[in-house]
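This structure is in structure tokens; I'll ask about it shortly.
Labels for the chains are A, B and C, by order of writing; each one numbers its residues from 1.
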Amino acid sequence: MAEGAKHLVRIGAVVAAMIVLMSTPCKSQESHIGNLTGLAKRGRPIYARYCVGCHGERGDGAGENAPHVNPQFPQPRDFTVGLFKCRSTPSGSIPLDSDLFDTVGRGINTTAMPSWFPLTRQERADLVAYIKTFSPRFRDEKPDPAVIIPPETALTPASLERGKGLYEANKCGECHGKDGRGDGPSAPSLRDNKGNPIPPYDFTTGERFKCGQTDSDLARIFLTGLDGTPMPTYVDYLQGDQIWDLIHYLRTLQTNHKHKTLWARLFAD
Amino acid sequence: MRKTIPAKRFRFLLPAIALFSLACAAQTEYQAEAVTNGGTIKGTVKWSGPVLKDLSLPITKNPDVCDPDKLKIRNLQRLEIDPNGGVANTVVFLKNISKGKAMSLSPAHPILDQKNCRYEPHILLVPKGGNMEMKSSDPILHNIHMSGAALYNLPFPIADKVLSRVMRSEGVVDLKCDAGHVWMNAEILVVAHPYYAVTDAHGNFELTDVPAGDYTITAWHEGWKIDRTETVIDVDSRQEVHRPIFSEPKTWDQKATVSANGVVKVNFELSDK
Amino acid sequence: MGGLGKRNAKSAVSHQIRPAQESSVERRGEIRARTREISWLLLYSVVLCSTLLMGSPTAQAIPAFARKYSLPCSACHEAWPKLNEFGQVFRDNGYQLGNDRDAPITQIPSYWPITFRITPQWHREYNQRVAVDNIPGDPASGQTEQRVSTSGFDISGVDIWAAGTLAKNISFVVLPSSDENGNFHFESAFVRFDNLAGSRWLNLKFGKFELDTPVSEKRILTLSNDGGFYQNYHFEPPGDTNITEMGDNQLGVELLGHSANSYTRYSVAVVSDSDGSPNLPTGRGYDVYSNVSHAFEVPHLGLQRFGVLNFTGESPTAYQTSNGQPIPGTGSGNKPWYRVGAYALDYIGKFDLSTVYVHASDSAYLGTGTAANQPLPAGARAPAWNGGFVESDYVYSPRLVLVTRYEAVRMSQQALPTSPHALGNIDAATVGYRWYPIMNSRAGLAWHQEYSWMISRDSSPLTGRDAAGSSLFFGFDFAF
């Protein structure tokens, strides 16, 4: 071969090798949820169809609609930071794939994040794989093991008394207020990790939280904290059954929708 | 026809493979080994130029606990210069050392306390992968909300209860308190090797048992300006309160050669420029 | 856009009355011819009225929702206006995301739930056999069947659509729709009580609305005169006086239920026999429509849905008259008809395959246009037919969709034994594509190209031969 051509071929081979090598799995391109495997490359068109309007092409929460999201909602999540509220892993850890899968399927109540449950499970798994490519944390770190939620204890008056004591001893009222209305002394000063104001949860408003609606979901929130918000993890403060005492007490702060009449249901929100 | 050795033909691919290994491989781990006849690097960090006014903020919450001396304001401790110009809380370290003595930092068991609504110490060194303990001596609610190399968010509603967490990633961790104490700030440095020192109140530092060789020594100091503030409303005092967002840390480099059992003096001059 | 009433207009033009004959055989022939003529006239007027009432663009792509929820069009629509599974759940929920922030009180006050849609176009229409006066302007000169073809720039009607929630779990739609001349009617107007008793299996709709058909014609991806509707949703054999068509919006109530992801759905609707025409023009009869389907995910292919539908009702065959004119609302002599069908909606990767089969039958009285208190023509039977369509939409991306469709209707039994066996049979095919140069959360624009062809057997107005037609369509379909 002519000298020049030989060099060109070599350069081409180097470039090709670099491309091949650099695109091989240094990045986490897959997700695993149960027996489902999601692929980031399949998740990409799904993201472009459903998510890019709010979360942006770069996953940084700066989609074209983000500035117009109703001001009472939190801003769309910036995936590049790698902080997620709804997890089953301890505070400071990245979420499990199944945490992201659940959040996508459940949506986040009282925000602009819809429940994408109608998407097939495969689509959601692919979406999770693609979302993970936005933050290097998923490449560099492993998630901690999920927190263990002890079995729920019986609902008794004694449990409620203990729960009330725990609410006061742990100074939850500082942010959530004496009656859990989200009107504590620190409440107006709270900001999320983007510097946007974020109200503490008002337990009197309803039965659904941002990260679920069952007692177990609430227990998990205490044990993991809501990363990206001021809500810390209370895993060091609630031992064993104490978590259920607290949850039983918190449920008493909520209005019970189940037995409202149709009329009241129509005209109350 | 010339016979070519197959391996030789593909030698040109070596740089690509090397680059790939570098990119993908984990950071070169620090290797601990016995250091005999190690040298010492000591010196002073001084401030040059006009001394800046102390940054401080009014104490707007829990003054009974946070302000026992009734000063009404709290120094943010971002730039502490003693009367002789020595700069405290500067972290001096060897930039590019891969082998040396076993991990040993001072203090040996890093513990962060929250006392009178102040983080103590203001700068804390924690070994990478090591346990850091935290507590509050105050009877009011604090939380340690980390950002940067660690992202834990831990509450301290009960005095004297010690929490501990493993600091896994190397880097700088900023601390803030969400419970209305917007002036509370501190930096934790999670470090992979033991050749780090924090200057004392007079700006002095010392690195011991350094293997002989040429080194780049870096002085790191947290940002001492307020880039911008987040305005928050304090319900109790009915005031607008401003949480500061500080400027980026700054670094200065020097070179030094350490000989066996030798003592090298390295001084740093920090300034606002 | 729907061209709903533009179907089969070519086969309904009145034709010349043959001179009277003397013999009884010939008289019978004359009666039959007259009956045929009247049937044609009736069919033509029905078609014409339907055109005026419903011949307008069907608008079911709604940027107002995108504005309310900050979602792009592609979130709910495969390629608007066609819904994907997420959009289907949103619609089944009563245009609510179910995030406790659906009620209008939670929106910023400047949000207003209105959208409009219209399609300026260029199109070419060709009809193979139209009765044309031999000397233009002189009906006495006799008529022959000739080709008629025309083309040019044109405009569709406009839909101005308001939809959303009045309060949590109370949804509404108001859809005034105009034809191309700006004559408005209400295509839809209803209130819906969602999630009754806290259950998504109970949703009650009251007003005028589209029936829960297997594939929504209001969200059809074709717009031309010959291809912009589903033949099987409207087909009536020539001479049939049943006015109710499955594809027309109806007046009544509907109970609908769905699972959390709408993989399982049912609906039951009870509607008046007026075929959606207001002011009680017909009688006091009611029709019942029902649809049940279930979907499941097939790994690597997508969602597959199977369902069955039933539409049963009665239509009046006689009216009281005043000065010879029928009095609206006095329809009586109701005679039954039914439609029953099965369908499969399959996703195979990017292909969205819809297969719908319908079997239908009308009472012989309806089929021959005979009043209930009159004797049927000799040998009259209940007309019955089978039909269906297969539509394949290739959604390359939310911004490019290729559409192909083939549809057929086959009479299995004619109303009159003298009718040719294939009279009224339809074959129709459509091919087209939509490309969306912009897709954001504020407005939508599609470039639409389409070619449609259809043939109605033995239906030409003068000679009873096959009558074919075709449409070629280019247009910009936009909505805000």
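Just so it is clear, a residue touches a chain if its C-beta (ideal position, glycine included) is under 8 Å from a C-beta of that chain, and two chains touch if they have at least 3 such contacts.
These numbers come from a predicted model, not from an experiment.
A.B. asks: Going by the stated contact rule, which chains contact chain A and chain B alike?
C.D. replies: Touches both chain A and chain B: nothing.
A.B. asks: Closest chain to the overall C-alpha centroid, by per-chain C-alpha centroid: which is it?
C.D. replies: Centre-most chain by C-alpha means: A.
A.B. asks: Hey, how far is the Cα centre of chain A from the one of chain B, in Å?
C.D. replies: Centre separation, chain A to chain B: 30 Å.
A.B. asks: Using the average of all C-alpha atoms in each chain as its centre, how far is it in Å between chain B and chain C?
C.D. replies: 72
A.B. asks: Can you give the whole-Å distance between the Cα centres of chain A and chain C?
C.D. replies: 45
A.B. asks: Going by the contact rule at the top, pick out the chain A residues touching chain B in the complex.
C.D. replies: Residue positions touching the partner: 10, 13-14, 17-18, 21-22, 26, 83, 91-92, 140-141, 169-171, 174-175, 185-191, 193, 195, 197, 225, 227, 230-234, 236-237.
A.B. asks: For chain A, which residues count as touching chain C in their complex?
C.D. replies: Touch list, chain A to chain C: 45, 48-50, 52-54, 64-66, 68-73, 107-122, 206, 208, 257-258, 262, 265-267, 269.
A.B. asks: Please output the residues of chain B touching chain A within their complex, sorted ascending.
C.D. replies: 12-13, 15-17, 19-20, 23-24, 61, 140-141, 143, 145-147, 150-155, 157-158, 161, 163, 165, 168-169, 178-180, 182, 230, 232-236, 241, 243, 245
A.B. asks: Help me check something: in the complex, which residues belonging to chain C touch chain A?
C.D. replies: Touching chain A: residues 69-72, 74-75, 85-86, 88-89, 97-101, 103, 105-108, 167-170, 196-198, 260-262, 297, 299-300, 302-303, 397-398, 440-441 of chain C.
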